[in-house]
Amino acid sequence: MISVNYYDPELGGWQQQQVSRLPANARHTPPLWLDLQQASAAEEQQLLQDLGIAATMAEDFSKTRHPPKFEAVGDFNLLILRAYADADFSELTENAQLNLLFSQDILITKLHCSQQLLRSQLQPQLTQPGNNPISDWVKQLTLTVSASYLEKLLVFEDELGELEDRMLHKGNDELMTMMMRYRSVLRKVSRNLAYQKDLFADALFEEQHSLLRRFALADLRDFYEKFERLHSMTEMYYDQLSDLVQGYLSTTSHQINERMKVLTMVSSIFIPLTFVAGIYGMNFSNMPELELEWGYYLTLGFMLAVGLGSLIWFKHLKWW
Amino acid sequence: MISVNYYDPELGGWQQQQVSRLPANARHTPPLWLDLQQASAAEEQQLLQDLGIAATMAEDFSKTRHPPKFEAVGDFNLLILRAYADADFSELTENAQLNLLFSQDILITKLHCSQQLLRSQLQPQLTQPGNNPISDWVKQLTLTVSASYLEKLLVFEDELGELEDRMLHKGNDELMTMMMRYRSVLRKVSRNLAYQKDLFADALFEEQHSLLRRFALADLRDFYEKFERLHSMTEMYYDQLSDLVQGYLSTTSHQINERMKVLTMVSSIFIPLTFVAGIYGMNFSNMPELELEWGYYLTLGFMLAVGLGSLIWFKHLKWW
Amino acid sequence: MISVNYYDPELGGWQQQQVSRLPANARHTPPLWLDLQQASAAEEQQLLQDLGIAATMAEDFSKTRHPPKFEAVGDFNLLILRAYADADFSELTENAQLNLLFSQDILITKLHCSQQLLRSQLQPQLTQPGNNPISDWVKQLTLTVSASYLEKLLVFEDELGELEDRMLHKGNDELMTMMMRYRSVLRKVSRNLAYQKDLFADALFEEQHSLLRRFALADLRDFYEKFERLHSMTEMYYDQLSDLVQGYLSTTSHQINERMKVLTMVSSIFIPLTFVAGIYGMNFSNMPELELEWGYYLTLGFMLAVGLGSLIWFKHLKWW
Amino acid sequence: MISVNYYDPELGGWQQQQVSRLPANARHTPPLWLDLQQASAAEEQQLLQDLGIAATMAEDFSKTRHPPKFEAVGDFNLLILRAYADADFSELTENAQLNLLFSQDILITKLHCSQQLLRSQLQPQLTQPGNNPISDWVKQLTLTVSASYLEKLLVFEDELGELEDRMLHKGNDELMTMMMRYRSVLRKVSRNLAYQKDLFADALFEEQHSLLRRFALADLRDFYEKFERLHSMTEMYYDQLSDLVQGYLSTTSHQINERMKVLTMVSSIFIPLTFVAGIYGMNFSNMPELELEWGYYLTLGFMLAVGLGSLIWFKHLKWW
Amino acid sequence: MISVNYYDPELGGWQQQQVSRLPANARHTPPLWLDLQQASAAEEQQLLQDLGIAATMAEDFSKTRHPPKFEAVGDFNLLILRAYADADFSELTENAQLNLLFSQDILITKLHCSQQLLRSQLQPQLTQPGNNPISDWVKQLTLTVSASYLEKLLVFEDELGELEDRMLHKGNDELMTMMMRYRSVLRKVSRNLAYQKDLFADALFEEQHSLLRRFALADLRDFYEKFERLHSMTEMYYDQLSDLVQGYLSTTSHQINERMKVLTMVSSIFIPLTFVAGIYGMNFSNMPELELEWGYYLTLGFMLAVGLGSLIWFKHLKWW
């Protein structure tokens, strides 16, 4: 079922209608919002064909998984955006994707998002239509997408500061695993944001870009700056996590070195001495030293000399 | 043998003919597909010469191993593409290479690919000729090449997610070796995709590019976007593998540190104590301490004191 | 309360007035400095609306946390700058942010900075107005922002040199932690400086940039060069810290190797020998070797041979 | 001695003449090849001055060590190329350098290369002069330079594949040293190739480049592509070696961890037990436990309990 | 004191005069070299003001520490260059800085350099003035700056080759420390060279650059190429040092692994055996095994079995 939303000036409100195929006169009552959420693949295909959407654009619009992009052929613009649906960056369970196809008069949406709240936010707001109702809708949706990242990134900044303190104080495997997971998610987020940033950068730097016909330059610059800022934050957080991972490695290595120093000194001093004690603990019947009156004391003296000698040697090597 | 394929409107179907040298009137019945799969080097050379192909272009077309490229001289365009023939990214056994030379009327193909299925897919589809039969063929082949990567990359994404979970839970040498192999293959794939991406980017950004005369702008943008997306996915997977390798190193290092701590503490406490026990296990005839009534208990007490002292010292050092 | 500052030529001095809403004739006595430090959000909003500031610009101006940016719509320019408020780079406790909105006649400032001294420096200097009083103020503030970084970076250079010497001589965990903290702060500083550098680079390289109407080219180049130099210094210090961290890792690893060599040699020689001694320390009643006249000497000889053999073997392996 | 080579149409062949200074009428019989291989510095200087070569160009031409470059002043072009003279990439013993100075009519060469075969290949081929004899020579020499890298890189690819297999199976210090040497050489090779690639890229992308007057665009593109491909291969091989080095580090670290686990468990279990045995091996006269009938069995039981307890503890810690 | 140097055609030589303030007619006898080496800050400021130097330029000229830069305002050009004053790259004790301010007629120099020889080289050469005496001086000084790097870099190349051999054969901590110091210096050198390279690149790529009015294009290209080559060499040496550091880490790690293997095998075999020997070395009165006739032999056999079993197990694990 295709959900058709149109404004009825007489009733002064928005009307919704479920159709399986758009009637021929539908294009005559702009602004029109066609929600394909519940449309079957066949209905969708039929609709795109009826509206004369170009083949490559129709193909991309129908994809449930496509990186963010913008394309314009004829009257229609295709805009694919990706929002952030998860609660934080410890796991990326889905790429919430919003596929938009819009002309001067019609907005067609197809939202792929299983997260309840975000799904409700990524709906065009049905208020009294202004001068550019379609552009207003697309702007509102774009800002919602951007906000879905920002709120989680701002929370993450504090989390990262805390993580840093904990790692520098006393790291452990769980923190490391968490950092690895964050890094993996931030990398994927960064890719989505880079596509979205570039998409609006194109609109700003290319002359006669199709988006310039739909939006004020100030709005496009705002979109670009928002995604650029999100991308730059994501990259910085990723890089700071990398620094932490690397610093942890160096710190750990230093601690291994310290323990190694203790172990090697203790072992190097006492293992040979224990061997000497072991020799005089042997039960051979003919061991003349054992009978010497000063044998025990000579042995102890020898052991002390060896022990102290080792200590001085390690001191000389600057091991402590 | 050169395999000549042409459309016979009277018979309403495609005819195939095996010739060793193209007859002079062959150029008069477009569209023509010349398959050089079974042509000898001499036949190939002869054909290219007969068609007046420029020397540098002919040389590149005849190479069995050349990175993807596009070149246009005169009426003819040279397009070298590389598909992905292996089942996954654990090993790269061959670079499936498709060399295309085409003008308005003729398509010459030379396919280097030992993988059965892919070889059959990388053939022009012999359907009723449309307006631009040669362009349609090249488009179909380009999309097939792109699809040969995409299907394996999508499978790999799941595999990578699983690999990540297993590495973060409990890594081992086999997983590491697998990751190293993946990285090596992805690097080579990335290079091939980068060339193919750049090739179509040139077509988009240069004015009066030869490909613009053969293809609609929407098609070229579609080719570019497909290869750009493949390249960006490949790079991201490679980078995620690198992150895993590096994270594994840090985790491992931390575990060594933990074990080292245990080993050093156990050794530092018991090795000196064992030495003391070894001393009183010596068999010297004159060892007065042995005869003391409280000698054993004093020794045990001393050992306990040393052991506890070490423990307290390690606690003071924050080793546990 | 909005603090209005205007120059009274008759009194020959600056007058300050606290208003909650700007009177309509306020725009008629340029130059005017409106300090929103103590203005409520509502007053601020009202003022921006009264002055007809564009919505996106007003939104950014009102943010307490926004990366450095420049924007121009209509008569007004928005400039957001970030100074460095902390005493050194061991911790970043706040992003001192200066939001400026200015036209030919009016300068509106909103300073977010808790550090006393810097807050007093980031005020427009109230001297006799020149030809371009607003531009002079903005220039003075920009140079103050730049200076807030430079003084700390110059101090840091010496600190870094010393840190380098200490790490190369004898690193420890505290130095490592300090380096990790420096790196984290320098990364964030670098991002702020990069935005500020790019902002003035845009002014230099774009023709008809709004800043060109307010400032001499020499001034803009000076701003750009100052921030470029600061950014380049920050990046270099960050990279040198990274080199130190990595070098420390290699040095530490080498030392572990050295200690390991000693430990392994001592253990490999004496542990087996101690085992042999342990065998002849066993109390079995039937141990014929113990009764041999030369048993003890043979055993000692055997031990010596094993010990020397091990030493020669390690020498052969080039362990020392 | 300057070796002058000119074509004598009457004799229908090439004549060679050794002069110490070029006669004034020499320029009148193009094409002329002046080989300065055996010329003294003074003769070289004199010749360049006689031909009116610009000072900066003459200076560079006379250098035995200069990175690849192109320069054009007046009628003359300076082209410095570097070939690869060594048999493989395990050591870089020399930078085979070919200094070319050419106009429409004259080619002056100075070759620095001690490798016999390559020296003979880097000579202009003396065949019947065509339309552009000088350009034909330069083209032939450029292709020879490019080929000197390609043949070794193609061999290296197989070597690298094998190296990879051996490292992933069982690395050792010799392989590591070899990889380090390869990396060092590939880095230097990459720099030379980058200069050569950029040199021809300039010719392609700059309008009215001097090389465009001497060579067909197809030839220049061919030169560029050849060096670009060589550079990209070199970089990829270098990066793959880096990946191997890093992967080896992770694998090694994992193995250390495994051995550490064994060592720590064995030591932690048996060293304390040995201490206990050592206690009851002491020879104090007053040790009541020794006289207990069940003393030995109680001790064995205690040891078993401690040993099993440790095992269970290690199991609990997931050490095995 | 300002040292004024001017050419007196009547005397046919250079005259030097010490003044505290330049006389008004000084500008009338070009070429003039004003050496501010011994000028006080006040004299310097006065002179720059008298000559009408722009404020931003005067400020930069007076700095004792400023990265290399070029600026042109009005008739005057400011050029700040940095030479390399130290004997090698083991330590960077100063940034030898040459501040130049020049017009068609006057050259003002301020040299900051404590190294004797370099200071004498960085003086304009007082020869008979040519057509462009000021440009000739600036050219000579620029080439001297470039040469101050090149001679040390060429020496360093050999040193690096030797260092590489020594590290790959048998690294030690001193070599590592040396490499860390080299890296730190090369990084700073690279930054200085990058600024100097970019400065002349701007002159080449910008149309109507001020330097184009003072120098022939061939000279500017020569300056650019010299600094570009120096920068590229510096970067390559830095990167090769990084490769060595990283390779050393991998090699060291491998050696630790090897020693660990030996230690773990020796310990795992002999420590349990020693424990068994310790058990039968205990002095309990009731230990029936001790009285068995075959007790000793059975124990030896058991020990042999355990030892061999361990060996076989380690062999099975492929530890050797």
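Labels A, B, C, D and E are assigned to the chains in the order they are written; within every chain, residues are numbered from 1.
The rule is short, and it goes like this: a contact is a pair of C-beta atoms (placed from the backbone, for glycine too) under 8 Å apart; a residue touches a chain by one contact, two chains touch by 3 or more.
Because the structure is a prediction, the values reported are computed rather than measured.
**Student:** Would you kindly tell me how far, in whole Å, the mean C-alpha position of chain E lies from that of chain D?
**Tutor:** Centre-to-centre distance between chain D and chain E: 23 Å.
**Student:** Any idea how many Å lie between the Cα centroids of chain C and chain D?
**Tutor:** Their C-alpha centroids are separated by 38 Å.
**Student:** Name the residues of chain A that each touch 2 or more other chains.
**Tutor:** 246, 249, 253, 255-256, 260, 263, 267, 271, 274, 278, 281-283, 287
**Student:** Based on which chains are in contact, what kind of graph results: line, ring, star, complete or other?
**Tutor:** Per interface graph, the chains form a ring.
**Student:** Beginning the circuit at chain C and going via chain E, which chains come one after another?
**Tutor:** C, E, D, B, A
**Student:** Please output the residues of chain A touching chain B within their complex, sorted ascending.
**Tutor:** On the chain A side, the touching residues are 54, 56-57, 67, 69, 71, 73, 171-173, 176-177, 179-181, 183-184, 187-188, 191, 242, 245-246, 248-249, 252-253, 255-256, 259-260, 262-263, 266-267, 270-271, 273-274, 277-278, 280-283, 287, 289-296, 299-300, 303.
**Student:** Mind pulling up the chain B residues that touch chain A in the complex?
**Tutor:** 164, 168, 218-219, 221-222, 225, 229, 232, 236, 239-240, 243-244, 246-247, 249-251, 253-257, 260-261, 263-264, 267-268, 271-272, 274-275, 278-279, 281-287, 319
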